[in-house]
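By written order: A, B, C, D and E. Residues from 1 in each chain.
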Amino acid sequence: MPIEMGRLFDLGLMTLLVLCALAVVRTKDLLAASIIFSAYSLVMCLVWDHRGAPDVAMTEAAVGAGVTTVLFLSAISKTVRKER
Amino acid sequence: MKRATNIGQAMVLLAGFWAVLAGLTSPGLVAVGLPVAAAVAAWAGLRLWTDDEPPVMSARQWLRFAGYCVRLVRDIVSAAVLVAEKVLDPRMPIDPVLIVHRARFGREVSRVALANSITLTPGTLTVDVDGDRFVVHCLAEGFADDIRDGTFERRIRRVFEEP
Amino acid sequence: MSLFEAIRNAAAVVLVCTGSFFFLVGTLGLIRFPDFYSRTHGATKCDTVGAGSILLGLALLRGLHADVLKILAIISLVLLTSPTAGHALARAAYRTGLRPWTRLVGGGGGDAD
Amino acid sequence: MDSFLWGAATFLLAVASVCLYRAYRGPTVLDRVLAVNVIGTKTMVLLVLLAFVFDRPLYVDVALVYALLNFVTTVVATRYFETGALEGDWQ
Amino acid sequence: MKRALVIALLAAVAMPLLLAAARMPRFGSVEQPAYTHVARRYLERGAEEAGAENIVTGVILNYRGFDTNGEVTVIFTACAAVAAVLACSGEGRRPVRAGTPVALSPVVRYVVRLLAPFIALFAFYVVVFGEVSPGGGFQGGTVFGALIIVTTVVVGRDEAERLSPERPRLWLQAAGPLSFLAVGTVGALLTGWYLGFPHVPRAIAASMLMALEFGIGVGGAMVLAGIFWRLGDEA
């Protein structure tokens, strides 16, 4: 029984990951896309953790949640926001 | 003198945090952590938690603070229940208003505590804090009563401002 | 399983279920409320209670163990940061001139798509 | 107990994907940040749940990283919006 | 026509790949090359050989030390590249919009100041405990970098400069490659090989790993702060 629920969780994780990726790609506004991208990296972190790679999960957490979004924002503030 | 107290309190808090992180089982790890905790505490005490800034409080104030936290937890739960009622009601019975409340405090920590308490209590959200002026967003007019009649203000004053 | 353990497990289950319920409510609020400010209401409160309750349930399940302290540290962190983040967001909206939705103005307010 | 915790975790995932809708649609950028913040809280709880299900207490560290950095990102991002350092009207 | 050509081309590329994938050992099967001897050796002897209880740390810094040496150099190069790009574009740059000066919320400021020391201590913990728990130099360094960034934005650049002092910053940004160079040289002096991990006793290997972790951590944090500051500098 535990294994079955684990499978279901895995399936949900993958679906959510794909949904996040689609949302990022379909968003034309770069600012919005970079914010949704941080949600993508949240899910990615869960995937790493679930697959038994907590080191990578922690890197993903620190880099994806903490730093890339901020760097993206500051890069966008230097350039144009809309994708052409 | 005041600086020494600042650094001392920071040291106690950070050493406690280190104990939580590293556990107390191995003396080697404690030995590694304590000097770094001391350095960070010096930074905190001298540069960040200065003047009336963060948690320089007397023992009695810490006690009252604990009591305040218990009461706050009760408020938070009732706040969440209230939001649940509003959300699950299909008619969505909300009538948001912005109100301005004035509260004069001597310390920064009281202002912050009031702002965060307002955010965590039923139907209210601190939108802006500017000096002694608090702009509060209420889901409906009635929720502002507790803030208007100064119940919170009194409680916070008792915790942080009275010696 | 002793009686104590049974009670503890039951309490943990109740706490986790309560937390999940509040997460659900917060999310529904995020979807259903008419404007940004009211969504922040839902998200801040329900998330704090949801996360706190689930983590408390897990801490209970673990019993007396060193990492319970870590979980308690996370709970207090959430209690401190969640309202602050909500306030920061609401303030950014307020300072940049996002108008709150009100019944008088009708659906107009700040929710222009 | 394990299968109950897996069930709770799956439920949280489902709820998080509903939040994603707000992050995708959200009329203002702040709505998106709020939604991602909410997803972040759920992720943090999920990380602790996973630590329990796998019975690896040290996994909790990952959740602690999240609890700290989620807040940091939100604060820095709102500061960017507040000061208008970003081009154009973001509403 | 064009579309048909594209589809044909894609199919032509996809077919061999799919056929190759079909011939691979099943996912998770014990016959996979990765599981036959390398992984077993890592798992069975990694803890005693590599000088770190956490096998991931052992693999990254010890068994694949050269690899990580390269990676660390890449990070430093990224910082140098950002500096170069931002320094070059002098004339054509649009002026940074000043923006209305909005005072910082006292609540946010207070809470960040309250949390900053805890984040600093936590970053140290992540670096030190890399050998027994998830974590290590990269992760701890990134947490510290995030701390520098939030300090810059909320408390002020002056305070952030304290975390990453002006004078040695240039050298600290290169701390990753430099620490590898230093440890590699020590290994060469002890054993005759660069890094020379297989030949040093466990206790020395452990302290070498710790030195590398700190080098990577400090270097990563400084690089992140450097990139952020360069991006944020007024044109």
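Just so it is clear, contacts are C-beta pairs under 8 Å (C-beta built on N, C-alpha and C of every residue); 3 or more make two chains touch, one makes a residue touch a chain.
From a predicted model like this one, the values you see are computed outputs, not experimental measurements.
Enquirer: Count the smallest number of chain-to-chain hops linking subunit C with subunit E, moving only between touching chains.
Expert: Tracing touching chains, the least step count from subunit C to subunit E comes to 1.
Enquirer: Give the chains in contact with both subunit A and subunit B, ordered by label.
Expert: Neighbours common to subunit A and subunit B are E.
Enquirer: Is the C-beta contact count larger for B-C or for C-D?
Expert: C-D
Enquirer: Going by C-alpha centres, which chain is most central here?
Expert: So the chain nearest the centre of the shown protein is D.
Enquirer: Just curious, how far off is subunit D from subunit A if you go by their C-alpha centres, in Å?
Expert: 10
Enquirer: Whole-Å distance, subunit A centre to subunit C centre, using C-alpha means?
Expert: 21
Enquirer: Let me have the rounded angstrom distance from the C-alpha centre of subunit B over to the C-alpha centre of subunit E, please.
Expert: Distance between chain centres: 35 Å.
Enquirer: What whole-number Å value describes the gap between the mean CA coordinates of subunit D and subunit E?
Expert: Whole-Å distance between the two chain centres: 23.
Enquirer: Listing for subunit D: what residues touch at least two other chains?
Expert: 16, 33, 35, 58-59, 61-62, 64-65, 68-72, 75-76, 78-79, 82, 84-85, 87, 90
Enquirer: What are the residue numbers in subunit C that touch two or more other chains?
Expert: 26, 28, 40, 50, 66, 70, 73, 80-81, 84, 87-88, 91, 93, 95
Enquirer: Show the residues in subunit A shared as contacts by 2 or more other chains, in ascending order.
Expert: Correct list: 54, 57-58, 62, 66, 70, 74, 77.
Enquirer: What chain pairs are in touch here?
Expert: Chains touch in the following pairs: A-D, A-E, B-C, B-E, C-D, C-E, D-E.
Enquirer: Give the list of subunit D residues in touch with subunit A in this complex.
Expert: Residues 2-3, 6-7, 9-10, 13-14, 16-17, 20, 23-24, 26, 29, 32-33, 35-36, 39-40, 43, 46-47, 50, 53-54, 56, 58-59, 61-62, 65-66, 69-70, 72-73, 76-77, 80, 85-88, 90.
Enquirer: Along subunit A, where are the residues that touch subunit D in the complex?
Expert: Touch residues, subunit A against subunit D: 1-2, 4-6, 8-9, 12-13, 15-16, 19-20, 23, 26-27, 31-32, 35-36, 38-39, 42-43, 45-46, 49-50, 52, 54, 57-58, 61-62, 65-66, 69-70, 73-74, 76-77, 80-82.
Enquirer: With touch defined as at the start, can you tell me which subunit D residues reach subunit E in the complex?
Expert: 58-59, 61-62, 64-65, 68-69, 71-72, 75-76, 78-79, 82-85, 87
Enquirer: Where on subunit C does subunit E make contact in their complex?
Expert: Residues 80-81, 84, 87-88, 91, 95 of subunit C touch subunit E in their complex.
Enquirer: Which residues of subunit B touch subunit E in the complex?
Expert: 10, 14, 17-18, 21-22, 29, 32-33, 36-37, 40-41, 43-44, 47-49, 53-55, 108-109, 111-112, 115-116, 126, 128-130
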